[in-house]
Structures are given as C-alpha cells and as structure tokens.
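Next come two complexes, and both contain subunit A; in the first it sits with subunit B, in the second with subunit C.
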Partner chain A sequence: MKTRSKILIAKEKMKDKSRVQMLLNWLGPFLGLILVLIIFSSIPEVQDRFLRISNLKSVATQSVIVALGALGMTFVIISGGIDLSAASNIALASVITAFAINAGFSPVLALFFGVLTGGMVGMVNGALITSLRLVPFIVTLGMLGIARGVAKWIAGNQKIDAPLTWVNELMAKSPRPSWLLMAPGVWIMILFAVAMAVILRYSVFGRHVFAIGSNEATARLCGIRISRTKILVYTIAGLFCGLSGVMEFSRLTVGDPTVAVGLELDIIAAVVIGGGSLSGGAGSILGSMIGVFIMAFLRNGCTMMGWPNYIQEIIIGAIIVAAVALDQIRHRQAL
Partner chain B sequence: MMNCSPPSGSLLRMEHISKRFGATCALDDVDFDLRKGEVHALIGENGAGKSTLVKILSGAVAADQGSISLEGYSFKSSNPLASRKQGIAMIYQELNLAPHLSVEENIMLGREIQRLGFVKRKTMQEAVEKALELVHHPEIKSHIPVKKLSVGAKQIVEIARALVGKAKVLIMDEPTSSLTQEDTLRLFQVIRQLKNQGVSIIYISHFLEEVQKVADRFTVLRDGKKIHTGRMEEISVDDLIQMMVGQKFVEMFPRIDHEIGEVVLQLKGLKGKRMATKVDLALRRGEILGVAGLIGAGRTETLRTVFGLDSIEKGTIVVGTIETDKGAPWIRIGQSVGLLSEDRQEEGMALSLSVADNLTLSRFSPYKKWGLLRLKKRREAVEFRLKQAKIKAQDPEQPVFGLSGGNQQKVALARLLHQEADILLLDEPTRGIDVMSKSQIYEWMGKLVQQGKAIIFVSSYLPELLGVCDKIAVFHRGNLIDIRPVPDWDTQSIMTVATLGRIPNENQVENSDRQGKDER
Partner chain C sequence: MKIIKIVAVLFLIFLFTISCGSGENKSPGADAESLLEIAVIPKGTTHEFWKSIHAGAQQAASETEVEILWKGPQKEDDRAQQITVVEDFISRGVDGIVLAPLDDRALMRPVRDALRERIPVVIIDSALQGEDFISFVATDNYQGGVLAGRRMGELLLGKGDIFMIRYQAGSASTTKREAGFLDTVKQEFPQINLLVQDQYAGSTTETAYQLAENLLNRFPAVEGIFCPNESSTFGTLRALQEARMAGKIVFIGFDSSPKLVQGLRDGHIQGLVLQDPVKMGYLGVRQMVSHLRGQPIEKKIDTGVYMVSKENMEDPQMRSLLIPELLK
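Right, the complex of A and B next:
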C-alpha cells in the first residue's frame, strides 16, 4: 500500500512538473512581447503615449498586412518550405485590386480578384515546387521577380489611382460604425488567425502539414498525398498574400507596384520569432502573431522615441537571432 | 595511480563504474577489462548499458563513479577528442565521413600534417597509404570521393582513420548491421589483422553468431550490471541469450497455428524503377513469406515498388482482385497494404512529432469530424494501443525521439495495426532492437496471420526467417532465385543461394549471374 501511494505522489509530482513546463511553453512566446511592452511603457518620454488606446489601435492596424502574410507563411514554413514571393505577391494583388476598381468592377469583385490573384500565384509556386521537384527557395525566389515584374507591367510602371470605395475603409483607424472599435481589417485578421490556428492544430490537413515538415518520407509512407498538400499550402499562403494586398491597397488608396519591397523578410521573421522552424515541423499561429506584434511594437516604440530607422533595423535583427536562440534553448530543456 | 600493476596483458581496466541518468541507473558498479590485441564482445539487450559504457570510454559521457586505467596510467576523458588523443577511437554506427571529400582527405580530417598553414601532401599520402595497406580493401583508393564507396568500404575508411590516429583501442558499435555478407567477412579479416598488430577491439553486436566468430572474450551486461565475463569458445549462443535476458523465459520464435488461404497479393513480372529484373511472387492469406538475400539484392526495392514508393516500369500487381500497373502509398493504404520501412530514423518515423501522431498518421479517419480531429478520442485510442503493444511511453503527446529504438519500432508496427492493414510488408522489422522486443514482434506476426492477415518479412537475420516464416524467397543481385517452404531450407542453403545465386545440391550450372535473366 505504501509503495502504491508513493507512486501516486510521484505521478502527481510529474504532473505538476509537466504543468509548469506546459505553462512555460505556452507563455514562452508571450514573454518577448511582454518584455517589449514593459520596456517601452517604463520609459518616461513615451510612457503615456505608448500605452494609449489610440496608439494600440494604430499598431494593430499597421500589423494587419504583415500578420495576414504570416498566417500563410506559418503553414509554408511548418511544411518545411519558404515563400520569398510573398511581398511581390502582395504588391501584385494591390495593383490588381486598384486596376479592377478602376476598370469599373464593383468593390466586392475587385477584392475578390485581388485575393484570387494572390491565390493563383501561390498555386503556381506549389505546382512548380512539386512538379519540377525544385526547392521552394528557388521557385519562390523566381516568383519574387516575376510577380513584381507583372505588377509593374500591369500598372504601367506607376501607381494606379482608384476612386475611393468602402474597400478603403477596411484599414481606417476610426471605423465607420464606431461600435467596431478597431479597423475592419484588424477584425478580419483576428478572425482568420483563429480559424487558421484551429485548422493547423485540429484539422487533418494541419497534421499532414506538420508531418510533411517533420519528415516528408514518413508522410509519404503513411499515405499522405504530398504534392496535393503542398500545393494547397502554397495556395493558402498566396490567398493570404492576396488579402494582404487588398489591405495594402485599402491603406494606400492606390495600387502601387513598388510597395512592400522586402516585406517577405518581415513576414518570415515574424514566423521564426514565433517559434517556426525553417527546417520544418514546428511553429504555431499564436507564435507567429506574437512575432508580428513584437516587431510592430518595437517599430512603434522606436519611432516615438525619435530613434532613426537604422536603430530599429539593428534592434529587430538582434531580436530575430535572440528569439531563435532562446527558442532552441527552451526546446533543449524540454528534452 | 594508486593501484598500478594490472594483471598481465591488461591494456584497459574499468573498475566500479556507475552512471545514473535521472532516476534510471544505466551502469551499476561495472568492471571491465580489455587485453592487448584481443577482441572483446560487449553483449546485452538494448538499454543494458553497453552504449553508456563505451560512451564513457569515448568521452561522450562522464562516469559518476569508478576508475579507468589505460596501460597502467589513470585515464580521464571529458570529450571524444581527448579520448582519441589517448588512443581510444570509436567507429560509429552512423558513419562520420564527409561524403564529398576523398578517402585521403577524410582520413586526415582534423589531423592534417601542416607546415606554416600549408598541408604537407606527401607526408600525409604516405601515412594514408600505410593505413590503407593494413585494412586492405580493393574498393578503396585514396583519391576517390567517399560517397562513391559502399557502406562496408566507408566503415573501413573510418577504421583507417582511427589507425592513422594511433588508436590502441577501437570501439565498434554494431559494425555489421548494414553490411553485406561479403563486407562483413572482409571486416572480420581486417579485425584479425588489427589484432595481430596489437590493437584491442571492443565489439558490440546483436548478431550473436557473428560475435562468436570474431570475439575472443565476452562480457554480458543486463540492466546496467555486469553478469559475466568469459572466453567465447567456452559458451554457446543459447547460454549467451539466457544471460542477456536473465530469468525471464523467452520463447524466441513462438509458433502460433495459422491457416493458409487464397492468394491476396501477386506480382506478375513486376519491375520497378530501381529493381534489376522482373519478379514473380504470390502471397497467401495467413502466410508469412520470408525474403532473404544480401543487402542490395533487390528485396527492399521490390517491397517499395509494391507499396508504390517506386514507380512500376513493367508488369502488374494484383491486390485482392484488382490488377494494376500504377501505385502510390495512399492507394495501397486504401487497399489495406502497409509497409514498415527498413530505415526507422530517416523514413519510418517523424521523430519530432508525437507518439500519437506517428501512430495514427496513416489513418485519421476514426477521429475525423468535418475535417477536424477529435483529439480526446484519439488520445484514448492511442493509450489503448500503447498498452496493448507494451510500448513504454510517458505520454501519447511526447515526441517520439524520446523513446528507445525498440519502442520506436513498436510504434511503427502499431501504426500498421492501427491502419488495419491486411497485407503487411515488413522490411527488417527487428534490426537493431533488443531480444525482448524482437520476440514480441515475432509473436505479433504469428497472431496477425492467425487472424488471416498476410505478411512479407524481409530480413538479413536468417534464424528469425527460419523461425517464423512459412515460406522463404531468396534474392540474388535483383533476381528472385528460389521460393521454398521453410522445412526445405537451412541457413547454409539460403546463404549459398544468396551469395552465389545458385540453388545448392544441383550440379548443373543453370542459373549463373549473367544468364539468370531467363523469363520464368
């Protein structure tokens, strides 16, 4: 009897330990964000402005474009791939949306075209990667140039002005029905983040994505249809770039083919800061979203401090390396 | 340095070695001694402490207690490099060679002879030639890149590397697990030569017959304790097994009655992308069909073609009643065919995924509702399977890399059961796992065929093929030479067919390598 109760106690202890571990694992990604918030809200010069509701709202709005891109990128990176064409795709979608509105299509259709364009670019990425058996880095590097080029071509190498429609209110900091509190784009972002988190964690498709990223040979052995799944992953990533492009158009009110240059690296950085592994098999939507907000709040805080752009760049660069290093240490301890 | 004088001939002495990992005691007061120029086999089940013991020598792990002396001087090592410098080198199971570099560059890697930062090519070449001469192997030339060598030759290169480093003690951990018979024999020759040069070898292997051939003495470990050290010639394999498993009585090859029914899988002149020639084969319900042959004889390639991992070039496969010349794993899984990969690390397991994911990956359907997984339901199912299969895992959500090799293999097998496969293609299911797990796997196989499933069992370990199969097919260089019921085979005759491609006891030379392509 005694030994039995001992075993029970030991089991309870194990549970406690794993609970602490779980809590730490769950909190881990938040810690960085909390740290950034604490730092800026304790600096007297910016303290009161930084935590003001209007500032939080504007940070949220600024995050929408990167966040939408990061939702799709999370899937791509977990599957062991990468999408370097994300930012070009965003620019292309914004140009298409402006073009369609200019051409007299209804805003709903224009939005639809924008998103669809992004999806098509993603699908082409996926199809090339699976049918030519090229590494995603190369295919999407090529697409980075192609999509940007096509965007410039369609726009005639200049900005496309378009008449103001409700599409432009998607990113308005003070939304029209004031009970919305935040820009509709922010709500769209939250909605999709929740949906994608559920899909990633609980859907069969999500499990397949993890399996492919963890070990593609095993996934094939277990009857997962690799090509189909990968094409779907890149198409989803493309669709989110398309939506992000629509938001970009909404913010700028013009279709600009030169917008968002280099933004793909921000998107990738967000996913990686949030625990995504470039070798595949690891990552989460929550993590990626926190990654987006860590970078957004840093930018915001630095701007308020009146620090020049290069300081921001240095800090964010350092954060990327530190975040991944910390994540690895955390994982090693978990073993 | 207090107790200096070792008994005559003792090169290495380990005394009262203990090591704990958390709550588990990996080694408990173990003594071990190695004489100059002897091959000393270290025998035990997986987890008996063999690896820990040699890791202490190689410097990868530090002992908690105990003393080690090498040539009478106390030996301490905190890392593999320090061990190597003192003359103890480990030949790893997973080879540590840079595939793009040449044999010579690999051998001299990290110990380039240099002057003012420039390598002294000539001196190096001489040292390499000397070492290669000692381990003579026709395939190895100092200038060719290592990736062009066979696994066996690569291992010899590793040994040569250790020799250039003036190793006194070589540790070999399962050196033959991925070697062909030919390469194994060559390795044994090299080992004999090394012995004559006064090099001592610690030899770890699960292949007891091999151990008997190559070792002078043996030490059996069980549950971290030393059970016995003795001379190899004075002990039988059965006694060794008895010592390894202890009091637990193990019936190595449990025979379970089963009935053989109609043909469920047939290969008709099947040739896959990586198969040398066409193969004809039929598998019946309730049958275990063993497949023997050397590594690279086409056994794995045949299984992979059947399962749709390699594309079909010629011929057809009949699964049940459906004849097809196309295939993909997802189609085969739909036809209740399952494959266990020979390469657990690279293919069989997604190591970073959880036990639950690995176990259920090939069949999510029972837990699926509107495309979403019901994780609670799955957890219950997985817990049941783990208990049923006696898999030691703390939690179904724990990553699979935390499990021992034997338990990982059981997860891979449990996946096939969970998948409800009726036709199981098992490629080396017992490789590198301990005796207990092996015997458990044999028992499963027996139970499965009793339920009317059919199994193709590829193995390089002949006793297990002879022990559990109904029929055995033997491959030689891509050709299926012969299929016979088990009573018509013995180790000798299988080996003859596998190595020579000829059916023994038949004087006509009817089936030599080059003419063996006659259509059956």
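Right, the complex of A and C next:
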C-alpha cells in the first residue's frame, strides 16, 4: 500500500511539474518581452511616455523590416539552415525598387520587382545549397557579398533618389487614411505573420520543414523531397527579404545600397531569442515575432532614456545569451 | 534546478543594475521638471569631430542651464538607425532636437513628424531638404574645399599629379568640399592633373586606409592628395606612413584629431582645413534654447573654415581649433 501511494504521489508531482513545464514553455518567450516592458514602464523618467500609443506605433513601424526578414529566417532556421545574405538582400531589393520607380515603372510594378528580386536571390541560395551540396553558411556568406555588391553596382555606388509615391506611405507613422491607425507596413507584417504561422503549423510543407530540420536522413527515408522543400524554404525567405527591402525603401525614401549592414544578425538573433534552434527542428513564428519586439523595445527604451549605444549593445548581447540558455534548460528538462 | 536558480540570480542582478542606472540618472533629473530637455543627434559617436560637437553642446547646455541628451545611430552612418533615434526622441517628448542629418532626404520625414508634434529642430553640420527646421548651423563646406584646392596648387607650384579621395556617396557636406576642391583646382591650376577623383574612402579609417594603400601601389609617382574628412585623412596618413611617402608629397586633409595634429607637427601633413565643431555644437544648442525661450534666431549661421599648417599651428586661435578643450 505504502509504496503504491508513494508512486501515486510521485505521479501526481510529475503531472504538476509537467503542467508548470508546459506553462513555462508557452510563456517562455513572452516572459522576456514582459520583463522588458515592465522595466521601462517602471523607470520614472520615461514611464508616462513609454507605453503611449504613439510610441507603440513607432516601435511597431521600426520592427517591420526585421520582422519580415525574421518570418523567412524562421523557416530557414527550422530547416536546419541559415541565411546570412538576408540584410544584403534587403538592401538590393530596396535599390531595385528605387531604380524601377526612377526608370518610370509604376509603383506597383516597382514593388513587385523589389519582392521578386529578393525571391530570386533566395532561390539561387536554395539551388546552390542543394545542387552543390554546400553548407548554407558558406553559400549565403558568398551571397551576402554578391547581393551587396550588385546593389552598389546598380545604384552606381551611391543612394538613389526616387520621386515620392504611395510606396513611401507604407511605412509612414501616421497613415493617410487615418482609420488604418498604424502604418500599412505594420498590417502587412501582422497579416504575413499569421499566414506563415498557419503554414508552418498546419500545412504539409510546414511539417516537412520541421522533419528536415530534425533529421534530414530520416526525412529523406520517409519520402520527403528534400531538395524541393529546401529550395522553396530559401525562396520564401528571399521573398520576405524582398518585401522587407521595399519597406526599407519606403522608410528611407531613397534606395540606399549601404543600408542594413549587419541586420542579418538582428534577424537571426530574433529567431533564436524566440526559441529557434540553430541545429534545426525547433522554432515558431510567434516566438520570432516576440524576439523582434524584445529587441525593438529595448532599443526604443534605451534611446528614450538617452543611454549611450554601448549600454544598448551590451544589454542586447546579454539577452541573446540568456534567452538561448533558458531555452536549452527548458529542453533539457523536457527530455 | 540549480541552473535555473543561477539564471534567476543573473536576471535579478540585471534588473538591479538597470534600476541603479535609472537611479543615477534620476538624481540630476530630480529637479529637472523645469529644465529644458534637448536631444542632440550626431551622425556617429566615435569620430573626434563629433566629440568636439558634444563638447560645444555641453558648454552651451551648462551656460543656459538646459539638459542635453546625446545619442547617435547605433551603427556609425546608418541612415535607418538615425531615423529610429529621431523617432524615439519624439516619443520621449523632448523640448527640442538638434540634428546632424546623415542624409539630406531620408531624414525629412522624421523631422516633419517632429514638427507635427510641435518639437522644433535645428539642423547642424549637413543640409536637409525642405523647410521643416528652424535654423541651419554649419560650415561653408564648399569654401573649405576651395581653401584646400588653393593650398594644394600653391605648394605644388601649379602643376603635378594628384588624387582626390572622396568620403562617401550621399554625404552632402563632404560632397560640397570635394566640389569646392575640384572647381578650384580645375579653374585656378589647369596644369594639375587628377589621377583619381571618384574613389570613395568609405565610412571608417580602415576602409580609407585600404583604398589609399591600393591607390599608392597603383600610382607611386603621385605628388599630392586631398581627403575631405577626418577618417579618410587619418586612413590615408597611415597608408602614406606605411609606404614611407609621408612628408614627401603634398597631403591636405580636413578636420582635426590628436593623430592628425602629430602628423602636421611631423611634417607629414601640409595642411588641414579646420571647421569649428565646438562652435557648431555650441551654437546649435544656443539657437535651440533661444528659440524655446521666445528669442529671435537666425535662419542660417556659418561657423567658418580655416587652413592650418605647420607654420601657423601655434597661433592661439588655430591651436584651440586643432586641439579643442574636450570634456573635462
């Protein structure tokens, strides 16, 4: 009897623990964001300003570029790859959009060209990775240089001034029809985030991405067409970089080939903070978006406080390490 | 579990340091309710030039008893990040913004946003398109280029092969210096031949160093070089020193830093065009404060350019421009 009750109690405890565990797992990424929000909204100097609607609107607008990049990057990282060319791709797409508008194309077409350029760069990445059997790190590292170089070449080594069109309204903090409340770019970001979350969770393609990232050999044995899926993953990532580039152009009002240097690291950090594993098989769109917002709110808060940039850099660095460490601990306990 | 505890402790420490930081910030700000808050946004924070602007801004702030918030883009020369900084200060609701725009066009929208929120903006150092600012305080950069061109021509006795190294595409202030230099050399010294005039040094000393090294390898017989800002001047000086050519050719630079002053003293630099960044930072903040206190201000202020060489570098006026009294 005694032993039996002990076992029952132990089982009960396990159940409790697993419930806590589940809660923690679900809340995990949110905790960081909530912590950042609490910290800044409890500092008296910026308290009344930090949580104002207009500030939340600016943070949302500032997040769009990284967020769009992170949507695609989440797929790439879950599949066990990486895309270092994201930021260069963004710069290239922004230059192409400005170039097309200058060349007299309609803004719709220019936007389309920008996104398409991003998609093509992504497709080339995917094709090289699968056909040459090179690691994604190397291929996209090469593409980082190539895309940046092409962007500078097309722009003639300077920024491109394009006439103002409605494309530049996409990232305006106070949108033209005021019932939109936020910049159209923010709505586009939310829309795509929901769509990609559904695709990742519920579509066959999404499950294949997870399978490839968890164990490529097993996935192959299960009959998943690895190459096709991978090319698709990198193309999607590229398309999002293209869209992100259009948004960058919209924000700057000029096509700048030197913009977003090093932004790929912000994008990767967002995915990783949100629970993406660089060894593949783990990650979520919600997590990545939270990662984006953690960094955006940190930047915003530090600037509002007037803290020097080095403090900001140190804090963000620490957050990346802490977030991933916490994630690892959660995983170890789950096993 | 142990690890969780450790992480928890780390987080607590993190929280603690943050709250300490805010405590420190609070103490001078405790009686700051009535103090005017002015954000001063440079193009970057690491160049000597911006440190001088900072010193001038601080001097003005302490004279007029206002508080300044000094913050540049996180990555030097990143247009998108400078926009973010302006937006964040608008969110904070500062009383005024003094801005050195990285781009004469990309910063137009955030400046207009500031105006919409009734936050006045003073533009310093580089021009901004449009009319959404209350005053423009800057060096006459074209005139600076003209001074450099004349000095180059005089020292080369009107003939020779030279480089003009450009700084960075889209930077309005340096483009004007380059134009001033080119026009002067072409009009007043037609026998001077420009071997290189459209190569960009890029935003860091490192990129300038590499460019200068490559150019010197290709054209070892060059007789004169002009660089339009501090980082390109220093990078080129390093390359000249490495190649053992420093002092053998005419080298004219722009702006000052302790290393460049040493170069001038050693005879490795034959002339530096100096602006008055301390004055620029000082007047930028002064204009803003005057405006906020309801006094009339000028729409445009020229802070002057000067040519300093080994001969006149000990003059008190030149000396104070060469070695500004930085933050004590």
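Here is the rule we go by: the second predicted complex is superposed on the first by the 314 of 335 C-alpha atoms of A that agree within 3 Å, B and C clash if a C-alpha of one lies under 4 Å from a C-alpha of the other, contacts with A are read in each partner's own complex, and residues count from 1 in each chain.
The criterion applied here is as follows: contacts are C-beta pairs under 8 Å (C-beta built on N, C-alpha and C of every residue); 3 or more make two chains touch, one makes a residue touch a chain.
Here the structure is a predicted model, which means the values were calculated and not measured.
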Subunit A superposed: clash or fit between subunit B and subunit C?
fit
Hey, in the superposed model, what angle do you get at subunit A between subunit B and subunit C, Cα centres, nearest 10 degrees?
130
With both complexes superposed on chain A, which partner does A:Arg225 reach: first (subunit B), second (subunit C), both or neither?
first
When both partners are placed on the shared chain, which of subunit B and subunit C touches more of subunit A
C
Subunit B versus subunit C as contact partner of A:Ser214, first or second or both or neither:
first
Taking the superposition as given, tell me the minimum C-alpha spacing from subunit B to subunit C, whole angstrom.
16
Using the touch definition from the top, list the residues of subunit B that touch subunit A in their complex.
309, 328-330, 332-334, 339, 341, 346-353, 357-358, 361-362, 364, 368, 371-373, 375, 394-395, 402, 415
Which residues of subunit C touch subunit A once you look at their complex with the stated criterion?
3-4, 7, 10-11, 14-15, 18-19, 21-22, 25-26, 29, 39, 45, 69-72, 74-75, 77-80, 83-85, 87-93, 103, 105-106, 108-109, 113, 116, 168-170, 200
Can you list the subunit A residues touching subunit B in their complex?
14, 18, 198, 202-205, 207, 210-211, 214-215, 217-225, 281-282, 335
Can you check the complex and tell me which residues of subunit A touch subunit C?
35, 39, 43-46, 49-50, 52, 54-55, 58, 61-62, 65, 157-159, 161, 172-174, 248, 251-254, 256, 258-262, 299-300, 303-309, 311-313, 318, 322, 325-326, 329
